[in-house]
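Taking it in order: structure first as structure tokens, then the write-up.
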Amino acid sequence: MNDPIDLIRRQVSDLHQELVRYQLVVWTAGNVSARVPGEDLMVIKPSGVSYDELTPEAMIVCDLDGKVVEGAHSPSSDTAAHAYVYRHLPEVGGVVHTHSTYACAWAARGEAVPCVLTAMADEFGAEIPVGPFALIGDDSIGRGIVDTLRDHRSPAVLMKSHGVFTVGKDAKAAVKAAVMCEDVARTVHISRQLGEPLPIAQAHIDALNHRYQHVYGQQSAAR
Amino acid sequence: MNDPIDLIRRQVSDLHQELVRYQLVVWTAGNVSARVPGEDLMVIKPSGVSYDELTPEAMIVCDLDGKVVEGAHSPSSDTAAHAYVYRHLPEVGGVVHTHSTYACAWAARGEAVPCVLTAMADEFGAEIPVGPFALIGDDSIGRGIVDTLRDHRSPAVLMKSHGVFTVGKDAKAAVKAAVMCEDVARTVHISRQLGEPLPIAQAHIDALNHRYQHVYGQQSAAR
Amino acid sequence: MNDPIDLIRRQVSDLHQELVRYQLVVWTAGNVSARVPGEDLMVIKPSGVSYDELTPEAMIVCDLDGKVVEGAHSPSSDTAAHAYVYRHLPEVGGVVHTHSTYACAWAARGEAVPCVLTAMADEFGAEIPVGPFALIGDDSIGRGIVDTLRDHRSPAVLMKSHGVFTVGKDAKAAVKAAVMCEDVARTVHISRQLGEPLPIAQAHIDALNHRYQHVYGQQSAAR
Amino acid sequence: MNDPIDLIRRQVSDLHQELVRYQLVVWTAGNVSARVPGEDLMVIKPSGVSYDELTPEAMIVCDLDGKVVEGAHSPSSDTAAHAYVYRHLPEVGGVVHTHSTYACAWAARGEAVPCVLTAMADEFGAEIPVGPFALIGDDSIGRGIVDTLRDHRSPAVLMKSHGVFTVGKDAKAAVKAAVMCEDVARTVHISRQLGEPLPIAQAHIDALNHRYQHVYGQQSAAR
């Protein structure tokens, strides 16, 4: 085994625990992947394995067509979607998929989450958009993700009747987007239960997003 | 003690902790049972015992009429219902009962959870149906479960004004169905608070369910 | 120190952790007390002390007028209400007070929780009733609790605009009632968000309650 | 390093764990600061650092213009707002900022939380007010907080479309206010989902608030 992949195996394995910690997943649903920098490879969760049993060694290495290169188990059944994203969005280094509750509630209605919180402007810079209904089994899901996110500020897409996919410069950034997506989907949902949230002016959204993506956090970018 | 029953005692005891972990139960409510393969026996939780005090040794072995064969405590007050299911559905190897919040909220209105999420199509293949109102004390509950689930894809039934019963090929599969049932009951409830979830075409439900039940997970079936 | 009181100090201290576990309390709100059998004494939580710092030794022993008999701290500011209950309801051995979320939501509207779940019929045998608005500082709260619960099956009362008080044969039973009260208040609330829960016939409520109070659990009564 | 600042570094670091425990924050959002008594200094969280990695040593010491005096990282991006509060409200010894869900849901509608619970009268003595929409980057947020809270009993303000700021005589009191703010924002929200909470007479609010601020808890004030 070469070292960079071992490091990524560990990162991907560990990041799955963040999905558990923030209650974005139940049972074996949800998955995180990371691109292996400089190679046409990705590391992804095995299919149907419990979060308690995930270890760096259990992670699967696939090529960017989703074919297993290294690993004793089958890869996540969402591998084709992850692979499609890596093939078509070269700046993406990590992909996350969850069925987190509030995000799915918006996705089930096919409704975007409007950008009505400053924290949403920071992280998403816009509404969280809806992607098409797509069946598993071919490129439909991956294409839906890429078509929706390619020219969008948001690193998250609500796939209709299905769940959330998020992207980031690395797997940690994609996990952060998944955590924030559920957080704002929940807050905006609850706010709307008793009335209409106030809009935020587009110029303010732009200013907040620009500052957050360029100034927030320590030296290295937060996203 | 013979070994296969000891193994099942441990499995049933451990699986109760999953009900706690996923917050499907409070105090002593809820119970898991497993059929002892090849014998007319089942292993079930003792009645009114706290989840902290459950051990493999505390589990009760009953025959399929619900009569205690081995165990120092009284069995769960839902034993008759579990036993009825094992007598009438020979393919069932595990049964779970909970009063999980969102599933009970649908059950209290006597309303089925519509199949509007791909994860629901995967696991349930249909709406989660409602069973009759039935009092404890005779075969009514067991009969209500069996009559509702016998020709239904769903491994979960919402017993009117009461709670959820799920079945599976083994106890773990029944626990998974209980976890997924609460998860989708919650998501669909929340989605409906702000509008109507989009329907999923029956052909798509069929395709998703077929793939999930036959392809998902590692070699052995996920359900 | 005499032994029976030490045992009760430990029980009362430990039972406060159940309030934390079931998320019925935040910060220092909420309290549990127990009558010392055969003596005109009760053991109660100190005022304004964090749940992490509660120990058996920190518990306060008061007489049934709420005067401190033993203890370095001030007793809970709800001591007068607990004491009033012990003076007027001799069968009560434990009292619990919380501001648990869903129960308080009903209390803030001054609305009883209707008995529409079999688990509610089991534990409460009726709706969970509303007591009067009462200010802290004299016997008003205690009197409101006693007047509401004296001829009621329910071991829980929703004090208007305030919170929940529960009683039991001992402190554990009162804690159980507090846990179940929040659980059913939550489930019925959620059910009503999307329609009206089905009523349960009075004869069925009576039958369920009778069985549960006399048959459920192991030898000793569950409540 | 001088000792009093080391103590405050530890307090501020530890209090961030209360934000996590009460689920007021996700990822790196939210921050706690404390004034250094007798000096024109404050201690605050570093920007964009995970709650798992916070240590007393990682905390940043700033002057009351928000300039870093000691610390290897950048301070919280909300430092200017905290500093403004310390400069203009000399009785304030601690400030907390969160995006807690229910409080933000009210803030997103620009709606104050009405004082309809006795626990709210205790801690807040009034509605929880709304402050203006303000962009990060200058004194707008700090000024909005101070203008809203200066003559208000409430230690919490809902900044429009943004989140909560709370103040206290020390950092622990400000954290308590943040915890209670989310708790009552949640309970009142849920209550209003099914009708209108009953009002509490102003004289009762006054009496409750006076008693709680002067009598509750042990010798030292609870707030």
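Letters A, B, C and D mark the chains in the order given here, with residues in each chain numbered from 1 onward.
Note that contacts are C-beta pairs under 8 Å (C-beta built on N, C-alpha and C of every residue); 3 or more make two chains touch, one makes a residue touch a chain.
Please read all numbers here as calculations on a predicted model, not as lab measurements.
**Student:** Tell me which chains count as touching both subunit C and subunit D.
**Tutor:** Intersection of subunit C and subunit D contact lists gives nothing.
**Student:** Would you kindly say which chain has the C-alpha centre located farthest from the C-alpha centre of subunit B?
**Tutor:** The chain farthest from subunit B, judged by C-alpha centres, is D.
**Student:** Are the two sides of the subunit B and subunit C contact the same residues or different ones, given that same means over half of the numbers occur on both copies?
**Tutor:** different
**Student:** Between subunit A and subunit C, what is the separation of their C-alpha centroids in Å?
**Tutor:** So the centroids are 44 Å from each other.
**Student:** CA centre of subunit A versus CA centre of subunit B: separation in Å?
**Tutor:** Those two chain centres are 31 Å apart.
**Student:** Where in subunit C do residues touch two or more other chains at once?
**Tutor:** Subunit C, residues with two or more chain partners: 193.
**Student:** Within their complex, state which residues of subunit C touch subunit B.
**Tutor:** 22, 116-119, 176, 179-180, 183, 186-188, 190-191, 193-198, 200, 204, 207-208, 211, 215-218, 222
**Student:** Which stretch or stretches of subunit B touch subunit C in the complex?
**Tutor:** 26-29, 46-49, 73-74, 77, 99, 101-102, 104-106, 108-111, 133, 135-137, 160-163, 189, 192-193
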